[in-house]
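Worksheet: the structure to be examined is printed underneath.
Chain naming follows the written order as A, B and C, and within any one chain the residues start at number 1.
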Amino acid sequence: MNGLIEGLQWLVDPANWSGVDGVPARVWEHVQLSLISLAIATLIAVPLGLWIGHTRRGQFWTVQLANLGRSIPSLAVLSIAFLLVVKLAPANHQELAFGFLPTIVALTLLGIPVILINTYVGVQQVDPDTVEAARGMGMNGRQVLWRLEVPLAMPLIMTGLRLAAVQIVATAGLAALIAGGGLGRYVVDGFALRENDRIVAGAILIAVLSLLTDAVFSLLAKATAPRLTSSGRARAPADVDVVRGEVTPPT
Amino acid sequence: MITLEHVEKRYPGTAAPAVGDLSLEVDEGETVALVGPSGCGKTTTLKMINRLIEPTGGRIVLDGTNVLDQDPVQLRRGIGYVIQHTGLLPHRTIRQNIATVPHLVGWDDARIAARVDELLEIFQLEPELLDRYPAELSGGQRQRVGVARALAVDPPVMLMDEPFAAVDPIVRNRLQDQFLEIQERLGKTIVFVTHDVDEAIKLSDRMAILNIGGVLEQFAPPETVLRDPANDFVREFVGAERGLKRLALLEVGDIEVEDGPVVDPSATAEEARTAIEAGGFGWVSVVEGGELLGWVDHDALEGCATAGEATSRPFSAYVTARDSLRQALDSIVTSRTAVAVVVTEGQHYRGILTLERISKEIVA
Amino acid sequence: MIVHDVLTRALAQGDTEPLIRWIWITDHVDEIVSRGLQHVYLTVVSVAIGFLIAFPAAVLASRHRWAVSPITSISGVLYTIPAFAFIFLLLPVTGLSLTTVAIPLIAYTLLILFRNTLAGLDSVDPEVKEAALGMGLSRRQLLWRVEVPLATPVIIAGLRIATVSSIALITIAALIGRGGFGQFILEGLDTFFWTPLVVGVVLSVALAFLADILLLGLQRVMTPWAEAAGVRAVAT
C-alpha cells in the first residue's frame, strides 16, 4: 500500500508538473498520439465497414481480421511497427524508428479491427425488411446508406470507436518501450531507475486517462444515438466485441 | 377432480385483480376449455392449478387435497403440462424429452424405455424420431411429442395452454382429431386454455367462458352455450355464427333424414321417371335391397326398360350418420342439386338431407 | 537507458540483422518450452478464476435483474483499466510475482465472461423454462439441466474471447519478467536481435489460435444439439 501512497505523493508534487517531462506535457503527448491514431483508424475503418455492411462483400475477412486483432498482442503490433520502420527507413534516417512514427502506425493498426467490425455489424444488422421498404419507396443505394443504415448503425459505430479509443490509450502507454513519449515514460523510466513512486504515478495516470476516454466516448455515443422511442434515445446495443460469439468469434 | 373455490390472483400495484373470485369444478375424465378474450385470466387460472402462478386467495383442490398445501415441484410432476410452443428441451433428444418426468420421479431405464415405446404407439410417432433433436421435427411432430411428454408418467390430470395454436390450420385440425381419439381411450381430466372458440367447441365437454378479471359468464357444454347463451357477453363472444357452429356438434344420426326419391332396379323406366319428377332433383337413387347402387336421370333412362338397365352413376359425396351436420351442410352446398345423401356402413341407403331440413336445426 | 544505446548503435550502422536465425531457436528450445508453459499456466489460472467469479455473478444477475447494472459497472471499470497500468499499480503491493500478472488478467476477463454467461442464460427460451418448471423441475434442476446446458455455446464463446485476449495480454507482463512468450518480444526489442521478437510474436499468436480451436472443439463435443437447433456459436 505504501507504494500507492508514494505514487499519489509524486502526483501532487508541483515539481512533477512542469517541463518536458512534466505531467501536462506527458498527458498532452499521450492524448496527441492517441487522437491522431484514432483519427486515422476511423478514416480507414468506418468507410470500409460501411461499404462492407452495405454491399455484404468481404464479411468473412472482416470477421477474420477482428479475430486476428484480438489474438495479436499489442506489444507484438508495436514491435512489428517498430521493426517495419527500422527495416524500411533509409539507413541514414533510422531515427524515424524512435518516437512518433512507429507508435502511430501501431496504434492505428490496433484501432482498425474493432471499429471495422462494429461498423460492419451495425450496418449489417439493420432489419432487411426496413431496407426493402426503403428501396420500395424509391430510395437508391446511397440514400439507403445515409438515411437508414448509418443512423441505425450509429450506436455500434460509437461502440467501436470507444473500444478502439480505450485500447489505443492503453497501448500508447507501451510506446515508451520504443522511445516514444506519453505517460508510459514514467512507468518505463521509473522501472529502469527503480523509482516506485514514478511507476505508480504513471500507472495511475494511464488508468485514469483510459477511464476518462471510456466515459467521454460513452457520452458521445448517447448524444449520437438515434431516437427510437418518444421518451428517449434507444439503449446502445451490447458491444460486438464481447457479447455472443456468433458476432465475432475468435478464429 | 379439480375444484376451484373463490380463487383470486392479484398482482401488487394493480387495481383490478387478474382473477377476482372464480369457482369452478372439473369432473373426473372431463375435458374443460377455458375461453375468453385476452385479459380474462384464463391462462392465469390454468397456471394457478399447477402453481406456476401462486393464487392470492381461495383454494384449489385437486383429487381431495389443496394444491397450496403441496410442494409445488412434487405437485407438478403429477400433472401433465403442455404449452403452445411445446417448450421441448432443445438440447435433449426426443427420447430424453419424453423421459424427463419419468426420470425425475425415479423410474428405472427399462420402465422408461417401455413407456416411451407405448407413447410412440399411442401418438403414432415414427421410432426414428426418438434420437433426433426437437429442432429437427416439424411443428406438428413437436406438438405431439409435447403432449406425449406430458403424459409420460400417466398423470390423471393434464393442463394445456393453447396447445395447438402454434401450428397451421390443417395440422391443427389433425392434431385435434388425434387428441379426441386419444382422450377417448385414456379418459384424462383435462383443462385447456384456448382463444379459439371453435377449438373449445370441438374439443371440450364443457366450456368455461371467462370475462375480464376471471368472471365466469357461463360454464356449460358447448351445445348449450351455442343454443342458449347465458347473456350478451357470451352471445357476442361465441359470435354471429353460433348456429353454424352448433351444427358442428350435431351428428347426422341425431336428426331424422328424408327418404328422398328412390327406386328399385326392377322398377320400370316409367316409374323411375315419375320418381324423378316427384323428387324434384332431376335424378333418382337406385337402391337394391337397401344397398345404394347410384343415381340415374332422364338421359340415363333413355331407351331402357327398367331402372336397373340404365347405367347408374355413383354419388360424388356421401355423408354418414357419424358426420356432423356441418359436414352435411358442406356436402349440400357443394353438390349440384343441393342435397346430401346419407348412407350407413356398406353403402346402406338411409335417405337424404336438404338445406331446409338443416336450417330447421339451426333455428331450433 | 537501453533504447539510447540501441539508438546509437542503430544510427551508426543501419539495420542488417535478419528477421530470423534458426540456430537461435534450436539453442533455446528449453527456454521456449518453459516460457510456453508459463504462458499457458497464467492463461488457464486467470480464465479459470475469472470464470469462477463471473459465472455465479451471472447466475445471480439472471435471477435478480437489479444486480446486472452494478456488476457490469464494476467489471466495466476493471475491463477498461489497461493491463499495463494495472500491473504496475500492483507492483508495490504484490511485487514481481505471478499474482501481479494474474490479478489484472482476471479483472480483464470478468466483463467478457459475465456478459457472455448472462447473455447465454438470457437466451434460453422462456417457454422452455416454463415447460420445464411445469413438468416439476426444481429451480436448481432448471439451472443445471436446462439453463446452463442451453447457455453453453454462448458461455464457451465468452471463454474463447477471454482466453484469446488473455494470451495476448500476458505478453505485456514481460516488463516484469512474467510475460511468457512476451519475454522474447521484449528481448528482441531491447537488443535489435529480431529472432526472439519474431519467435515471441508467432508463438503467442499460435498459442491463441490453438486455444481457440480447442475450446471450439470442446463446445462441439458438449453441445451436439446446437447444430440442429441452428445455434451459430461459430461464424468461421
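Basically, a contact is a pair of C-beta atoms (placed from the backbone, for glycine too) under 8 Å apart; a residue touches a chain by one contact, two chains touch by 3 or more.
Given the structure is predicted, the values throughout are model-derived calculations rather than measurements.
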Chains joined by the largest number of C-beta pairs are A-C
If you take the mean of the Cα atoms for each chain, which one ends up farthest from chain B?
A
Per-chain CA centroid nearest to the all-protein CA mean:
C
Inter-centroid spacing, chain C versus chain A (mean Cα positions, whole Å)
19
Round to the nearest whole Å and give the separation of the Cα centres of chain A and chain B.
64
Between chain B and chain C, what distance separates the C-alpha centroids? Give it in angstrom.
58
Chain A partner, complex, touching residues on chain C are 1-4, 7, 10-11, 14-15, 19, 76-77, 80-89, 91-93, 111-112, 115-116, 119, 153-154, 156-158, 160-161, 164-165, 167-172, 174-175, 182, 185-186, 188-189, 192, 194, 197, 200-201, 204-205, 208-209, 212-213, 216, 231-236
In the complex, chain B touches chain C at residues 50, 52, 73-78, 81, 83-93, 100-101, 104, 132-136, 146, 149-150, 159
Chain B contact footprint on chain C (complex, rising order):
125, 127-138, 141, 146, 149-150, 223, 225-226, 228-230
Chain A residues touching chain C in their complex are 1-4, 6-7, 63-64, 67, 70-76, 79-80, 82-83, 86-87, 91-92, 94-95, 97-98, 166, 169-171, 173-174, 177-179, 184, 187-189, 191-192, 196, 199-200, 202-204, 206-207, 210-211, 214, 238, 241-251
